[in-house]
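Right after this note come the structures.
You will see chain A twice below: alongside chain B first, and alongside chain C after that.
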Partner chain A sequence: MPQPEPRDTAKMPQRVKTAALVSSGRHPVSGRAGRAREDARAVEMGLSLVGADLSLAHAGDPEQASLRESLQGYLGMYHGLDDDRDGQLSLLPLGEGGDAVPLLAAWLERSGVRLALTGQRAECGEGSGMVGYLLAERLGWAIATGVAAIEHCDGERVTVLQALPQGQRRRLEVRLPCLIAVDAVAEAPRQSAFGPARRGRIDIVDDLLPPDESPLDADSADWHWQPARARPKRLKVVKSTNARDRFKAAAAKSSASGGQVLTDLSPEEAAEKLIDYLRAEKILAQDDQ
Partner chain B sequence: MLQTLLPILIFAALAVGAAGAVRRIRLWRQGQRTPMRWYRLVLMPKRYLNDLHHVVARDKAIAHTHVATAGGFVAAMALALVVHGFGWRNPILGGLLLAASLCMFIGALAVNRRRIDPSAKLSKGPWQRLSKSLLAYSVGMFLVSLPLVGVAPTLLGGGVLAIVLSAVLVWGLLEMVVGMGWGGPMKHAFAGSFHLAFHRRPERFDDNHADAVHDVHRGSRSTALFPLDLTAKTLGVEKPADFQWEQLLGFDACVQCGRCQNVCPAYAAGQPLNPKKLIQDMVVGMAGGNDARYAGSGYPGIEVGKHHGGPNAPIVPQLVEAQTLWACTTCRACVEECPMMIEHVDAIVDMRRFITLEKGETPEKGAAAIDNLIATDNPGGLDNASRLDWAADLEMPRIQDRPEGVDVLLWLGDGAFDMRNQRTLRALVKILRAGGVDFAVLGDEERDSGDVARRLGDEATFQRLAERNIATLSRYRFARIVTADPHSFHVLGREYGAFGGDYRVLHHSTFIAELFDGGRISVEAPAQAETVTYHDPCYLGRYNGEFAAPRQVLAALGLEVAEMERSGYRSRCCGGGGGAALSDVPGKARIPDMRMEDVRETGATTVAVACPQCTAMLEGVVEPRPRILDIAEMVAAALVEPATASTTRTSTEAPEEVPA
Partner chain C sequence: MSVRRIDPHAERARRNRLHPRHHEFARPAWRWTSADGVTRVNPHALGAIGPNGVKRIDRSGASVEANPAAASTSAEPARRQIVLDQPLGHVVVVPELPEGRLNDHDRDLFGLARQLADGHDLAVTAVTFLGGVAGFEEAGADRVVDLSARAGSGYDPVSRLAALVDVEAGLAPRHWIFADSLPDGGDLGRRLAARLSNQGVNHSAGGARPATRVWQLSEGKTLSRAGDRQDILRDVARVLLALPECAEPVSETLHEARPIDLEALAETPRQAEVTTAAAGMVDRGRVAVDPQEIPLAQAPFILSAGRGVSDWEGYHHAARVLGASEGASRVAVDDGYMPRPRQVGATGTFVTASCYVAVGISGAVQHLQGIAKCQRVIAINNDPSCDMVKRADLALIADGDAVLAAVCRRLGQPREQTGSDGSWTDEESRHAAA
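Right after this comes the complex of A and B.
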């Protein structure tokens, strides 16, 4: 695959209403709440795209003590922009066992957002990485995941660089409205400063859904929860004896074997091929239609 | 003719000078106001004659010069006012006036001699002119006063000579009186007097402080940073008008003598900082304009004349580049040397506070350290529970198991995470055990003292750490805190007081000296004679006045200390303080390399240190170089352990003390 040439990140000529969906992070060492690393990168991407026009949203429990502090961490990033407006975050109240997706979808629709940025997966809670997909499905939007940078956005479509393994990048053009899930390799977030964090506004928006439509996550009620166990790591056996081979092994692109590239197929044919493949890999049962 | 002209000239000069002075006072009062305490004006003469002179007198020649010139001028001006101004032409007063002018003339000659080939630290321009003006004033005043004692009465009655004399005197009056109010070099006398009276740190002067111990070293009487009100509208200093008015007044008092420039480690290393230029830039900002008229050395690598400012214009980057502020190691050498008692470090931290708290532009590594402090309570982002990993085999007594209290709480500091400093800590523990000291540690309940966060301008994180540490400490009972880290020592001992934490804190060198004094530890004489030198850490010496104890310990070890040229209160910084090691501003040389050069000059093969930062910075100098040992390591190596219960106790009793 040809490596795309990096282009200058262009500011939007006409501003598209942009929002970043943020979550409360969990520090890998201390477990303390704070900015989530990928979400902070999404906010950084949004700020460099639309400046202080970027609005933030979080669905969570306003009563939770540490939440305000982590959310202020994102508001503290509103500095060094063209104008010195303070940040604003909409807090969508969500109780325990609630489902964030309908709330976020309603908020995105109501506020006229056409470009939503978020991290790929939360650092605590379910952390399933599904919220982006579920939101896009519900809203009928496009979704691009693993995004390393936004190169261009013109009100109709957005050009992004998608991060692939071994530092490869793929340029994608996505139609608006769309949801972009930001990868950990995106530009590092700016420092969160105490002053802007203190001045930023957190507005509670609690009239998004009609009262009879409670955003309960029905599935999760039946789930069995237990602390995650560290996955055993495969020991890395270094077979080569010289540095050159080790370097080549480390830098090698993952080579897929046995695959085939299919082009110029009708959608039906393509679907047929995919189903055959999934059956061959025993992902679909033989009799599954 | 002169008899009618003189009163007019003198009163006109005084009136114009006074108008300028009013304007100057208005400039100072642009700063943040604090309640005026007028009575402090009374304190000024004593502060001038005692405290200021104490600093000036470190250079005897200039002290004598200044006494002659300034004393002569003040006396001559007062007498001239009576004699020529009000016309009380008494021959005795006239004689005194002649004597005063003569005294000033002699002083002015010395000033001119210093100005023939001025050293790099001195400013030129108007300051070069001042030396001539001093001559003009003293000569003019002398000659016009000669008729008073009956010498040459007819000569000066009129004619060309009278005109020439008047012209010389007018020159002198313009510089000395008008210039004093309107911002000429003589401004320093006017602003300096008020600055001494209204100084923001009255504890620096003899008055108003009960703690006589600090008299040993004047510079360390008041060194804690001022707490910042985190609910203020903007945090820190963005523009000159955000400074306290006393600070603006202090900047205006600068005489541009360049002593600060001579001692600044960042300036010497070619980093873009010059304390003298910084203070002059603050004056430019306060008065509005650009720095083109500055006639001294600039910031290394930054051209003079390209920056401008105003009282309500942001300082960074129009007036001062951020790099300048981040180059400071907060070593306080400039404050120590300043004869006008200007507080450079306060100003730099004030401006850093704005950059960090409002603009979020702390240098990259500094910002990472702050984020780590917020998340993990230590700047390295390490698991705080691993704070005692280095002591896994030492069975360290925990204060949590000692509800009845201990004598010494051993504060580990963040050196506990550094493998080099862990050797020092192990040595210190060995000494404490040999001395039978009743001590304990906080373990993972200890957090960073907040020193680096505070110096990087993050007062919010500092205050949070301070409050949490104070809350932790309030749960346990101990008589005193001992630490091997001068930064923790300073912050716990001097800066936590403002947040309700008052402790008796000792640096380990002081405590070890105490153990020697009490005969609680004994050491063997060194096997072979060795020359050592001692590097004073800034936060132990200049900040807290502890110069004696480490030397006492070295003497007790039987070691000969070859002092470096810059030692004691003039010690040169290692380059690791104030977050400078994190901001890492590029320069031409490295500060620790220069310090190691100082060490080499003494011929010492070992440099004794007493601070984890200094250890790290000096050990970063490439080999071959003298070896670097902490005082604790040197003591521990020479320790003769008496076969008492102190060592056996730890192996028998301790396992029960250690929590599971």
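Right after this comes the complex of A and C.
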């Protein structure tokens, strides 16, 4: 959906160093490797904010076959910008069962990034959505989650719109440096084009941590992974001692009944009843005169 | 339950019509239990003579309801009161409390907490950031910690997190349970989990990493949904972020919901209050969103029009005045008055509005299916016998156009009737007549 108009059209007077942390995704139907949907929205948000100055980072196994395909999906989004520079992605090598948080934290500190954009949750792996929170806790940054749009960003603070249930929005002002987790209702990502994807550079950065410190994820060692089962549908259980009530509940129609029916109303009376009801249910404001 | 005693002499007298005392024991009842315990029914003794002189057997249960003893047993069975005086530990639940009430997801979280607490002498403790919330007794909370003094009314996750860290210091709960819904419970739970794992809290139970999207607890393990169509089976983590329907809500017991004063528990002086400037996040309040821009499936308030509406300009004006999203029935869309994406119903959009106003919609089955998840339905219709009126919580039997115009007048924004508009309507009606 279109976002409310930003308050300032001049978005970023002085460029804040911005990066997007991306993960490898998987198509929900075909299972093919590609961009993760929320991360692609984060990249789109970063590109519309700082253009080709946006840098990308991914912590993963460089040996994995489908990784390059996923990452080129993001690099292919560097088109239609003011300058025609190509995308650049830092790949932080991470072995099987490694912990991405120390690597990403070291990379963010070294590269001087002040605004990091990412999706809310990865599509592959555990997908717990904790990486952003752990990074923010480790670096002492602020974190805003569920962001639908960035309205304004100066050197000190960034103003964002947070998506709430039922299509509502909330405006937040977040101090920089901060981490922003982008919601699925943010602006749709631009298409990934083949040429920019081929031209984009993937740099392997492997000197971030001292070699004796191996970032291993010890907690997940004794987890048991299994294919997802369908969640059982909850049955409507009627707690009654009497068979007739149980039968009535099982045979009852779903439509609610017992509403209030008001007949013989003039339009004015009906309007009054309607407005009173809406005000009692707090759908109309009380002082709405 | 008392044992049913059968007097064999009386039974014999009742079965033998020639017995001199038969009339004393003859049962007028149509159903009885025979001597060998089988339920017997006498169909001839059953039923009543109806108004047209025909004997009818009433199986609707009206006679059962007439019996006051039976009516009392048909109510919900009474809940057992559970009192826990000296708990060995705490399982803390942080309910979401949208609109200041416990919702179904919150009750499921308490059900999950009871599964973890029962049998280990643990107390289920609710932590709320809102004062005066009712229903914790039925939901299954043994203790309640009211932190409404510590958190402002707005979105302030940093000071809420500080309050939760104090609860952690005071109670040292075995488990924390949050609702995994962004940006509320899931956000706060992840913040707390990150803080606890960064502090290096001793993780005796399951590790410091939270289990997110938990949907089942069985045999001391939790199943949590991971990405890429995988489930993770793992020991019960210290912080659990649970999905809706993760457990059955409490239904058989009643708990005491005793308030805990956290000040008395705190041995160390509380950490300095985090000011919002240092916290780095300031809530600038809700943003006015154009209701027409909200996707119809998510819209909270829908004004929907059907064939009963003829003044379409007045209807659009009323939707603007009320601040409602516009919906339509299939007929209105087929007739070209409303665009197809606005159609509500099984053939259009399934809506989840908390308030749905149907103007001039009689309620086809497909339309009623589409609004099955709406909490409150208001019908404005000329026909008092239509299905929408039966479904509605409030039905106003009146003309839809006139009511909408009156609503706009009452709210102080009547629609300006321009001369050109009126003449156009006249012209249109002449075309329609020709």
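Simple rule for what comes next: the second predicted complex is superposed on the first by the 221 of 289 C-alpha atoms of A that agree within 3 Å, B and C clash if a C-alpha of one lies under 4 Å from a C-alpha of the other, contacts with A are read in each partner's own complex, and residues count from 1 in each chain.
As a working rule, contacts are C-beta pairs under 8 Å (C-beta built on N, C-alpha and C of every residue); 3 or more make two chains touch, one makes a residue touch a chain.
What you see is a predicted model; the values in this text were computed from it and never measured.
Chemist: Taking the superposition as given, does A:243 touch the first partner, chain B, the second, chain C, both, or neither?
Modeler: In the superposition, A:243 contacts neither chain B nor chain C.
Chemist: By the touch definition at the top of the document, which applies to A:196: first (chain B), second (chain C), both, or neither?
Modeler: Once the two structures are laid over each other on A, A:196 reaches chain B alone.
Chemist: After the superposition on A, what does A:165 contact: first (chain B), second (chain C), both or neither?
Modeler: It touches chain C, and chain B stays clear.
Chemist: After superposing on the shared chain, does chain C or chain B touch more chain A residues?
Modeler: For chain A, the partner with the higher number of touched residues is C.
Chemist: Examine A:127 and indicate which partner it touches, taking first as chain B and second as chain C; both and neither are also allowed.
Modeler: A:127: touches chain C, not chain B.
Chemist: Examine A:76 and indicate which partner it touches, taking first as chain B and second as chain C; both and neither are also allowed.
Modeler: In the superposition, A:76 touches chain B alone.
Chemist: What is the contact status of A:235 with respect to chain B (first) and chain C (second): first, second, both, or neither?
Modeler: In the superposition, A:235 contacts neither chain B nor chain C.
Chemist: Can you list the residues of chain A that touch chain B in one structure and chain C in the other?
Modeler: Dual-contact residues (chain A): none.
Chemist: Can you name the residues of chain A that touch chain C in the complex?
Modeler: Touch residues, chain A against chain C: 1-2, 4, 26, 120-130, 133-134, 136-138, 142-146, 159, 161-175, 178, 183, 219-220, 222-229, 231, 234, 239-242, 244-245, 248, 254-257, 259-268, 270-275, 277-278, 281, 283-284, 288-289.
Chemist: Quick one: in the complex, what on chain B touches chain A?
Modeler: Counting only chain B, the residues touching chain A are 230, 234-235, 356-362, 367, 370-371, 374-377, 381-384, 458, 460-461.
Chemist: Would you pull the chain A residues touching chain B in the complex into a rising list?
Modeler: 27, 29-30, 32, 34, 76-77, 79-80, 190-196, 198
Chemist: Spell out the part of chain C that touches chain A in their complex, as residue ranges.
Modeler: 61, 64, 70, 73-74, 76-77, 98, 155, 182-183, 186-187, 190-191, 193-195, 197-198, 207-210, 212-213, 215-216, 223, 225-235, 245, 248, 251-252, 279-290, 293-295, 298-301, 322-323, 352, 354-355, 357, 368, 372, 376-378, 380, 384, 387, 389-399, 402-403, 405-407, 409-412
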